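Each structure below appears as structure tokens.
Two complexes come next, and they have one chain in common, chain A, joined by chain B in the first and chain C in the second.
For the complex of A and B:
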């Protein structure tokens, strides 16, 4: 493989990998605090993309309840991105309130909560489809304002062009990863959140209101999902189901990295992104198979994942 | 009201009063009509066999379990309906059964979280240093993950963490459990020192002799009921206590 092609695939892999990483981080945050995989995460990713699309003034098609509707406002992409992701965050809070908390209060088996979150995913996808139809929408090409269509990471003779959106995805994702890592590991509230994740009974003895941290975790996790959805959606196109595939990919990422491990989710995201990027173009239809092939191998060889810990506890 | 009466009132001030408390776990009655009083400045111990309901009593005070019947008053305030996370804010700290240190966080972080409800970081820092003076072993291991500490060190951390909230009432659940005799003595002398600094203590122990030796009063719990109560010295000499718990 020639060096410029290698570099190009590598950078593309980093970009999509960073999106996988922040998306998977959302799964991980909820998993580490509740021990439950939130299957609605992929649907919220989709929803965030639709919110952002609507807020930049994007028009919807002819089918669905809101046929031909568009918001009267046309926000700049950056603002729409933040607002759309915030709305996704609030949806996440509602999901916790209505699909998770009632079951937790009853002390239900966590499997029931998983099924409940799966139900929420189906509802969200179908509501989107009902409102704006099943067709795909593409973000306008000019949403990045003055940014050129691509950046050249090579030389003039040997160009390595990377689409601007890929660069934006990478920068935003790395920023999010940095902020979150700081919040979780360096602040009082981050440590309190870790305490809730490790042992919510003990956390409550220390005066930590677990429910409040759980709500915040859902907000942050869903905000990031919305952000990832909007960014990835703006680079391809959005359909009501596009978060489902991404959601499954996210599962591969967290199992690869180690369930519940935050650095694991990040590492897993980059690994899957890079491996996918190096699937030869002729076999690009097998990208997903590669991701899940890795997942399968991982489960056989090292079930706790790359950075996961075995659950042993001193009594 | 005369000055004498005032002094008298504070001397016998009830920091904790439990009235007619019953707790059920599923179909099993863990506590039946328990009445218990702790006065400010006292060390009160609750002794009894395994499964007698000692830990359940503390868990009820900390609002980790919901009573079926009865009330819990703290400084005259009914806290029976409060949420668990509010209790430490009232001035009650609980060093729980099995220590329950946060294994994945460092010693310092555990102590800092013990002061979660406090906002003055300078004072919190000073208090952390005070804990390190009381428990020098923790100072040596300040940056170590709590899960890597020995059992005795974890117990010290659990007590130190509870103290970080500056409690008026400290609930200690089996601080001697599973520890070597030398460490047990060390921990008991620390408990005695705490009492001298004015912390009121409700202590659960299986090691009834040691507990009664440092306590003012004691309650004996059997199958969820209080069967005996009195001054610690009296209980130490009581035939029933001797045969059942002092061995």
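For the complex of A and C:
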């Protein structure tokens, strides 16, 4: 493999890896605070993409209840992105309120909460399909305004073109990662959240309103999911199920990094993104199996993941 | 009656197969292990039957011989059982959500492999799988005895040493280990039994559906089978059987309710359309509502116990 091709694959891997990383962070935040995997996360990722698509004035197709509908407004992409992600965040809060909190109140088995989140995922995906149909939609090409279609990271003789959408994904993801790391480690909110994650009963004895922090965590994680969904969706195309597939990859990412570990989710995201980018073109059909193969091997060799804490079961 | 069977024959067979798929997920759950691997073994069993009947056992008769079908079921069960042991031994060291994720990964890897191999027909799948019967309803001759055998097997299993060991591991693995039960052995056993059942059902389904492709073993299927078990009831084998039947029939039932020619009800168009096209939304809502309000499932062992207690008083 010559150096330009290597560089191109490497940069593309970094870009998709950064999207995996912020998406997996949402899983991790909820896992660290509730000890469960939120399978609705992938569905909210899809929902965010559809919200953003609708807000930039994208039209919907011929099937579904909202056939041929389009919003009268056409927001610029950046604004639609933030607004769409915020809407996704509110959906996340509603999911917490109606599908998670009742189970938490009853002290149900955590596997039941996982099943409930699967139910939510089924509802969201099918509501989307019911409203706007199962066909895929592509974001218009001009959403980035004056940005060129691709950036050249090489020299003039040996060009390494990277699509500008990939550059945008990488920049936004790194910004989100930086803000979140700051938020969790350096602010009062983050400290309180860590306390709730460690032991919610003790945290509430210390005057922390656990429920409020859980709601905030759901909002943040769903907001990020919506953001990741809109960005990834604008680089490929959106279908009602595309988030579920992405969500399953996200599982591979968090297990690889270590469940509940924030640096682990970031590391896992980049590792999976890069490994996928270097799957030879001849075997590209097997690309989707790579992440799951890594996941399976990792669970067998080191279930706590690269950076996770090992739990010892005590009687 | 003949008309009824002609219309609903397909659905009845699917309900029986659904009940068995529920049981295949219930088996590992008997030891408290949430495994979502059933669709993978189901797909594998189906591929084995599809490949054998279209490439190996080529017959000239118009109907596929039933002994060969039984042989395929046997082979599918054996291969899935072996793979179950191979995957189960390392995977069942994991617990809870880790095991669930590992089995999801297993199903996805199998799905991607079947999408890319030539022998499985790639994305198109395998077509024209020969039929052993004239009509769909006749598949009950195979499916119903198999269901009865599995149910009897599980009825006995829950009452012998092995089943008691399963229950002990489900309630408290460490305590069971301390009492001299080898948790790994029993967990792998339960997982393998589930794999064998899923493989056999897959072999029947491949013939029944006439075509087989990678869409048969997916994450969606895992969720649906899990619903069979959890809403049906995860503490007795009757739960998954009932859940499998009801939830397989549910989409058709909703469609029937929406059809004024069947019920005679003239529902408003919006509601009728929602019942038809929004079936899966209702399905998802039922999962959420079921886990919140019926955490034990609809069929619980208490249903049978309560009467006895009353008699004693």
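The definition used in the following text is that the second predicted complex is superposed on the first by the 311 of 315 C-alpha atoms of A that agree within 3 Å, B and C clash if a C-alpha of one lies under 4 Å from a C-alpha of the other, contacts with A are read in each partner's own complex, and residues count from 1 in each chain.
Everything below uses one rule, namely that contacts are C-beta pairs under 8 Å (C-beta built on N, C-alpha and C of every residue); 3 or more make two chains touch, one makes a residue touch a chain.
From a predicted model like this one, the values you see are computed outputs, not experimental measurements.
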Partner chain in contact with A:156 - chain B first, chain C second, else both or neither: neither
Which superposed partner A:293 touches (first chain B, second chain C, both, neither): second
Chain A residues touched by each partner, larger count belonging to chain B or chain C: C
Which of chain B and chain C A:205 touches, first, second, both or neither: first
First (chain B), second (chain C), both or neither touched by A:191: first
First (chain B), second (chain C), both or neither touched by A:255: second
First (chain B), second (chain C), both or neither touched by A:121: second
Common ground on chain A, meaning residues reached by chain C in one complex and by chain B in the other: 313, 315
For the chain A and chain B complex, residues of the former touching the latter: 188, 191-192, 194-195, 198-199, 201-210, 313-315
Contact set on chain B toward chain A in their complex: 62, 64, 83-89, 93-94, 96, 98, 100, 102-105, 109, 112-114, 116-117, 147, 161, 165
Interface residues, chain A side, partner chain C - complex: 36-37, 98-99, 102-103, 106, 108-116, 118-127, 129-130, 244, 248, 251-252, 255, 259, 285-286, 288-289, 292-293, 295-296, 299-300, 303, 313, 315
Touch list for chain C against partner chain A, complex: 34, 90-91, 93-94, 96-98, 100-102, 104-106, 108-109, 112-113, 115-116, 174, 219-220, 223, 226-227, 230, 274, 277-278, 280-281, 283-288, 290-292, 295
